[in-house]
Structures are given as structure tokens and as C-alpha cells.
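In what comes next, subunit A is part of two complexes: it sits with subunit B in the first one and with subunit C in the second one.
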Partner chain A sequence: MKLIKFFLLLLIVFLLSSTKIFSDENKILVDKISKNLRCLICQGQSVYDSQSEFAISMKLLIKEKLDKGNTEKEIYNFLKNQYGDWIVYDPKFDKKTMLLWGFPLILFIFGGILIFRKVFIY
Partner chain B sequence: MKKNFTFILLLVFFSLSFIILYLSLNKVETYVPKKITNKNIIKFSAQDLFSNQEVDFNNLVVKDKLTIINIWASWCQPCRNEHPFLMKLADNKKINLIGLSYKDNNKNSKKFLDEYGNPFSKVLVDKDGLISINIGAYGVPETYIINADKKILKKYIGPIKKENYFEIIGHANEIN
Partner chain C sequence: MIFNNIGYYSLVFGLFISIYLLFFSFFLYIKGKSNNDLNLNIYHFSLIQLFLVILSFICLILCFILSDFSNETVYYNSHTTKPIFYKIAGAWGNHEGSLLLWLLVLTLFIFLFIIKSKSQPKKYRLLSIFFQQIIITGFFLFLLITSNPFDYLFPTPKEGLGLNPILQDPALVIHPPILYLGYVGSSIIFSSSLAALIENNLGTIWAKHIKNWVFVSWIFLTLGILLGSIWAYYELGWGGFWFWDPVENVSLMPWFSLTALLHTILVLEKRQLLKLWTIVLSISTFSLSMSGTFLVRSGILNSVHTFASDPERGVFILIFLFLLIFLAIFIFFFFSKNIEQVKGRNFYWLSKDFSILINNWFMMYFLSVVLIGTVYPIFLEVITSDKISIGPPFYNKLLIPFLIPFLIIMSFGPKLKWIKDRFEMLKLYKILFFFISLIISIFIYEKLGKNNLLISILILAGIYLFLISLIDFFKSKNNLSQNISHFGFSLLILSIILNSFFSSEFSSNMKIGDQIEFENKIIKFSKIESKKGSNYNSIVANFTIEDKNKRVTNFFPEIRIYNQPNIMTSEADIKTSIFYDKFFVVNLLKNETYFNVRYQVKSFMVWIWISTLLIALGGFIGLVKKIR
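Showing the complex of A and B:
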């Protein structure tokens, strides 16, 4: 009887701790996702950093979706669908963002050529 | 000659950059995706402000009327400014105005409606702002124009102005 009680107690402790681990994991994920989201009503702040009503609700929504079993990708897709690609800090490469992604590379190549000319040619 | 040309080019480049950046400093713009319209509004249910009963939004969309969701709060000053327009819209028989009380105290919401008048056929409660975020809102006030097929025709961020009012009336008049 004592053994059964012991295992029952062990089971309860295990269940409680696993829920805790799960919720901690979700909290880490909420932080991770919200750091990659732009607070659309703030000036240069992420959802994670902002304490605006918009950001607070957004963090709640992410938590709720994770609790429901949605994946990180599904959450990003949902938010992009509702608010547009601008909400994520890491925009995908397409026709509209070509210049955004390509410009630093062009600058890098241009700068490289300049340095090369300066050092090796002159 | 070459040096002068480079100098002028650099000067023009930096002056232009400065002007663009300076002008954008004073420009407050909320980004709104173009594809928000013509999308179906998400399904949601919420508590009714007066009866406390859970209401399915789908059941509130009427076939022969233009449905309008207005997100508002008693603590929001611009909401007070747009309220007379909402009162006028409520008089139109082709418009079904639904309020979504955003992060507000129910008592304050009721007091606000008592004081300024209640233009809404139904007032739903969004206590933690989750419904608003789910439907793609930024804050208060915000207004969604929805047709009988539950498609978003238009979204207004900020208070409704005179021109918006006439635009909504135009949408309502298109309904047979």
C-alpha cells in the first residue's frame, strides 16, 4: 500500500513538473517569437520590448496559440496574413524585398572593388 | 575637375539622404497591409456586454445589411470624437453596427454608452484584446466594414471622419 502511495506521489510530482517544463518552454518560445515581431504601433521596438496594449495582447495571443499546439511557423504565417510581412523582422526574399536584401551585397561588392583598386592597383 | 565632381556627387547624395530622413521623422504612418480587404473575417465569439452571454459573431452578420465592427473603449479619446458619426450610422436601416469593447471595464463601457448614446445593435467584450489582435486590429478606435459573405470590404484605423462616414453610407446604399 505504501509502495502504491509512493508511486502515486511520484506520478503527481512528475506530472506537475512536466507541465511546468512545458509552460517554461512555451514562455521561451513566446519570447523568441515576440523578439522577431515588429510592434506596429511603436517606434523601432519589437513586440517583446514594447509594453503597449498592442504588444501585450500580441504576446498573449502567441501564448494562447502555442498552448493550443500551433507551431512557430503557423503563428508567423497567421500574423503575416493578418498584418502583412512587415510584422516580422526577417522578411522573406521576393520581388518586393529584393532591393532590401541585395543592396548591402551591392555595397559590399562596390566597397570591395574600391579597396582592391586602392591597395593593389594604385 | 574629377575631385570637384566627386565632391558635388557626395554632397548631393548626403543632402538628399538628410532631407528624406528628416521628412520621414515627422511622418507618423501606421503600416496597413493592402491584402487586409477582401479577406474573410475570422470566426470568433465573445461575451455580450449587457447579457453576459457568449455570442457567436457569425450569427450577428445579417444578409441584407452591411455589418460594421467598431472597436472602441471608454478610455479612448478619439472614440469620443467619432461617436457622433456612429450615432448617425446607426440611424441607417441598412447598417448593422456591432461594438467591440476593447480592454475596458464593463461598468465604464456602460457608463460611456449611457452618456453618449448606444449606436450598437450588440456590444461584445474583448477583455484582454485577443479578439482584436486575432482580427488584425492595431488598437482603438478601429472600424471594419463587412459584407453579407463575411468579407472585409474596408478597414479604418483611427477615428471615423466625415469622408469615411460618406464612404460607409455609399457601401450601405449598394445593398439591395
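Showing the complex of A and C:
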């Protein structure tokens, strides 16, 4: 028990001490948005992670748009119009992606029914 | 030259032996004499087969060491100035060599299987060998027809093209062999479970025997994934360790399936239930491992791993894979009728067996999320020619809500008794732990802001499992293996969450002499030095970071310019400590006076590795206990 208490204390002290300074609201938003964008010229990297020229100019573009007062959603929509759905890592729910979002959930429900039948009915 | 020929002909003879064993084991099976000893020829020929493949593999390594560029594989993947260590590792750092390694592990495992299965019925063993030899023959043919590692090149070039520098790395030297041990182990489980199904041999004895193989593959698969992740972290230069990249997913899918099998096999052993489900999981684990190889090798995936791809080979594996799956499904439907199904209510809702069912339920869900996220974009593009990307947001949305109940169930499921347990009053310490977890998660919720309610609940569940398994560790030592793995899992989830929320980053363009302030620290770019490695020149940048207490840390990130092939890589300088990693990396910009500088403080990084090691360690302890 002592060990647990010690560890908890350590954890809390650490969490308290590691305050993140939110100096620039927009910078955080740029990071957040660019993490959700695919770097189109890279192999499986996000814009945030990449240092390619495409990614760097993309980050600048996002920053400009934010400074102009565009919202996050508007920026995604703008980029989707420019580059297609390929650029965002978060596929929207529509006719095309119904199965993508639905399949695991349907499977989960189906599995649940199977288990329920096995355990409670018979 | 000479080794080239020895290597090649070893493979050809290996193929002949494989075909011989294939027919011979089937013939003996049909003849079906009841004496319990295996024909000695099977031992001998398997040993010779193993020897031939080892010989061929050594020959390939020798070709690499001697830089024999008359061998096409060596020519494409090696260079005389490459350090000897990477010359050797280059032997499996390419498509042909890595397949030879697959084959080596396949033949090694079947030989070990023959030795280790002496207590099992003869007909079952013969049939397992037969199925395993089908796979081995397929791989021999695949290797010799589409990807011969010993192709001859004339005229002999003076110099090779060199190995991709990002592969010249210690973690990547052992990553493929370890991962393959996991993948190939699943092939033994596959063959053996088909044989057991046909022989109607699915019971406690079989479960005990195959459990060792399940554990072995599971440990190696876990470690293989870990190594790949560590490599991505420090070598790819962006400080991430998991990106839901298709190739990463492909190694995770068999892991889910195998983890489900690892639990199900316990039910089969203790209660002789879930027989057919065990077979389904064995088949799916192996199919997922094989299709993983297919997806990676075919170049269908857009990923960091596509350095080694060729569509034609993909078609071969695809056909081979379909044949195997078809065979498995056929056998399954034909012989599953013979298996006695215990009728009636076999599972009581408060029992260990039931909690294992729940584990399987969630594992299959996680598997389906990763599976559809990986293949959906491919199918969508083929059918509608629309391209979509599926990344972290998709997986977070579908996985996090389900991880919460999963962790909670993990915290009490293992402690329930088999068959039927009684409901007891909650012990005081459990309630206490719940409140401790609640307080910490509320605290974190306050800190993270209002958008992260779900994450905070996940933290609650994670801390609860963490505390419960920690106290179990001290209280009872009867199931150490399970305890350590589950503890590791809770630690992993917590570390990943804390890592993603409490990491900070600084990124800017700097030139020599620049000095920038960041979170009360001063980052200073003092100078660059040049250094020469055996096959690269590097620029070492010297940075100092001074914090508010005037403590100075030095960082020496490198930019390496490899001479052959001419590729630039960034080597991060990482300072690891208990609570955070400091990750410093620089990139060269076009105009060359400025460097792109990236400094990240990554919380709990080392705990992600440690917790995964703990998960694997739990498996290892379980295995050792069983063998002893």
C-alpha cells in the first residue's frame, strides 16, 4: 500500500508541475488541424509530423486562415474542396462511409446477441 | 559466386524434400497404422530440410558479407562501404531475404513441432505435418519463382546500390526476425488446429499442447510490434510511435486475434468448450498474418514500408492465401459436424469463462475496427475511385468508448472462479480504489478542458485496473503471468493517454547563433560540426537548452548524408528519463543557412515501452511455468 501511495503522490506532483503554457490559441489550433491532415507528398505522415515543403506551406496556410477568422470546420471544407477527401484523416459519415463506421458496431451488437443467447437463453 | 550456387541449390533440394514430405506424411496418414511412433524418415527429412534452408540463409549472408555483386539481391541492397553489421542485417532487410527468413522460421518450427508433440496421437501429428508442408511448399515455390534471393547478375557490377539508410538501424535488424517468429508460430497453430479438427482431437490434452505455441507466437508478435514502434519513434524523426499506418495495423490485427485465442484456449483446456471458436480463431490469426505479408509486399498500401514492394509477388501470395483459406473453410465446414457440441447453458454470467467470452467479444470488435479502417480505403478506391484517408481520429472515436468497459471488466474478470462464482460484497479496498481513480480522473478532466470527458473516463478505468492489478501482484502470486500482462496493459493505456496530453513541442527555423525562448527555457544553436561515418557524412548540430534554474542540457542531433544510396536522414538526439523523453531533431532546409529545429518533451514515453515489455513478460512467465 505504501508503494501505491508513493506512486500516486509522484504522479500528482508530476501532473501539477507539467503545466502546459497555452501562449498562443491559434498555434494550438494549427497543431490540432495539421494532425488531422495527410501530407500529400509524404508516405503515411500527417502534415503536423512532416517537414516537407508541402507540409510547411500547409501549416502557414492554416495559420493565415485562422488569423482571417475562419473556423476549423471551414478550413477542413476548404481543403477538401481543394484536394479531395483524401487529405483529412477523419472520414465523414455519409453514404460512402456508412459501412466503414457501421460495420464494427453491427459486428459488436451481433456478437453481443450471440453471447447473450449462449449465457441467458437455452 | 560459389555461395550463390550453394544457396540456390539448397533451396531447390529443400523444395523437393518438402514435396516428398507432403506426400509421404499424407500416405502414412491414409495407411494409418496405429503404432504411436512417427516414421523416422519424417524426423530425418525435416532435419535435412531445416539444414538446407539454414545453409541457404548462411550463403545469402556470406554473399552480403563478401559483397558478391553477381548476386542481384546483394547488388540492390548492399554496398562495400556499409558497416559489416548492416551487411549481415541487409540479408533480411529486403524482400527476397526476408522471405527466406520466413521459410527458415517455418522449417525450424515444424521441426520443433515434430520433436515437441511426441505425446500426441500419431495421426494428428502426421496431418499437422502435412498441412504445414503445404504452407512450406508454397513458400518454397513463391521464393524460387517470384523472388529468388540468388538471382545471378552478369556482368558483375563493381559496386552495389546500398541499403536504404532508414533501415540501417539496430532495432530494424531484429524487428523482422522477431515479428516473423510470431507470424510463423501462427502457421503451426493453423495446421495443428485443422489436424485436430479432422481427427476430432479437440480437448484438454490438445489445448495444453498447443497452448505453448500460442504463447510463443504471442510473445514474439508483441515484441515484434514493440520493436517496430520503437524504431518508428526514433528513426522516422517525428517523435510518434504509432500512427495507425496500414502496415502497423497489419501487425496489430493478428495480435488481436491471437490474444483472443490465448484466452479461449484456457476455456477449451478447463471446460472443453468453445471448440469450434478456437478453430476459427486459429484460422483467422494465420490468415491475418499471411494477408499482412501480402498487403505489405504488394505495395497496395500507402505507407512508410512500401520500400519493399512488387505487385506481381502480391498476386502470387494472394492466390496462395486464397487457396489456404479456402482449404481451411472447406475443412471447417466438412468436419465441424463431427465435433460434439455440448448443449444447454454452459456459461454462467458470473464466472471466469464468461469474462473470457467478453474478452473475445471486445477483441473481435477491436479487430474489426482496425480491419475495416485498413482495407476500406482500398476497396472504396477500387469500386468508386474515391480516395479517403483513415487516421487517428477514426480509431480514437471507435476504440476509446469501448476501451472503458473493457478495462473495467479486465480488473475483475480474472479473479472470478471457473464455471460459477458467487457474488460477494465489494471489498473496501475496491471502493477506495474506485474513488482514488475518480478523483485523479476528475483532476485530469479539469486540466484537459471540457472536450475530453471520454478520455477522462478512460483514465478512470485505466487507473482502476492499474491499482487493482498492482494490489493483486502483492496479495496473491498464483497467477503471476496473467497479473503482469494485465498490469502492463493498464499501464500502456495510461501512458499513451498521458503521453498524448502532456507532451509539448517547439518547432522553428533557426540558423547558427540563434537563440529562442520557449516555455521559460532558452534554446541556443551554438555551432555545427561535421563528422564522417563509414558510409555517410554527417552534420552534427550543437544545441543547448537552458532552463529557468540555469541548468544546461546539450543536444547533438545529426543530419546524415549517406553516400550510397544518396539519401539524407535525420538522427534525433533523445534524452530519456523516467517521466519524459526530450526529443531533439533538426532538418536541413532548402536555402541551407536555416535549419528546421524541433524540440519535443514527450511525457511517459519510456513507460509505453516498459508496459509493452511487461505484457510480453507476462506471457513469457506463463510459458516457462507451463514447460517446467
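Here is the rule we use: the second predicted complex is superposed on the first by the 93 of 122 C-alpha atoms of A that agree within 3 Å, B and C clash if a C-alpha of one lies under 4 Å from a C-alpha of the other, contacts with A are read in each partner's own complex, and residues count from 1 in each chain.
Heads up, the rule we're going with is that a contact is a pair of C-beta atoms (placed from the backbone, for glycine too) under 8 Å apart; a residue touches a chain by one contact, two chains touch by 3 or more.
The shown structure was predicted, so the numbers you read here are calculated from the model rather than taken from an experiment.
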Mind working out whether A:94 is in touch with subunit B, subunit C, both or neither, as first, second, both or neither? neither
Where does A:54 make contact in the superposed view: on subunit B (first), on subunit C (second), on both, or on neither? first
Output check: A:64 vs subunit B and subunit C. Expected answer is one of first, second, both, neither. What do you get? first
Between subunit B and subunit C, more extensive residue contact with subunit A: C
Figure out whether A:46 sits in contact with subunit B (first) or subunit C (second), or with both, or with neither. second
First (subunit B), second (subunit C), both or neither touched by A:84: both
Subunit C-contacting residues of subunit A that also contact subunit B: 53, 56, 84-86
Considering the complex alone, what residue numbers of subunit A touch subunit C? 1, 3-4, 8, 11-12, 14-15, 18, 20-21, 31, 35-36, 38, 43-46, 49-51, 53, 56, 84-91, 96-97, 99-101, 103-105, 107-108, 111-112, 115, 118-120, 122
Contact footprint of subunit A on subunit B as seen in their complex: 30-36, 39, 103, 128-130, 132-136, 138-139
Subunit A residues touching subunit B - in the complex, by the definition given at the top: 40-41, 53-54, 56-58, 60-61, 64, 81-86
Partner subunit A, residues of subunit C touching it in the complex: 237-240, 243, 245-246, 302-304, 306, 343-349, 354, 357-358, 361, 364-365, 368-369, 372-373, 376, 380, 384, 386-394, 398, 402, 436, 440, 443-444, 447, 467, 470-471, 474, 502, 504-505, 519, 579-580, 587, 590, 596, 598, 603
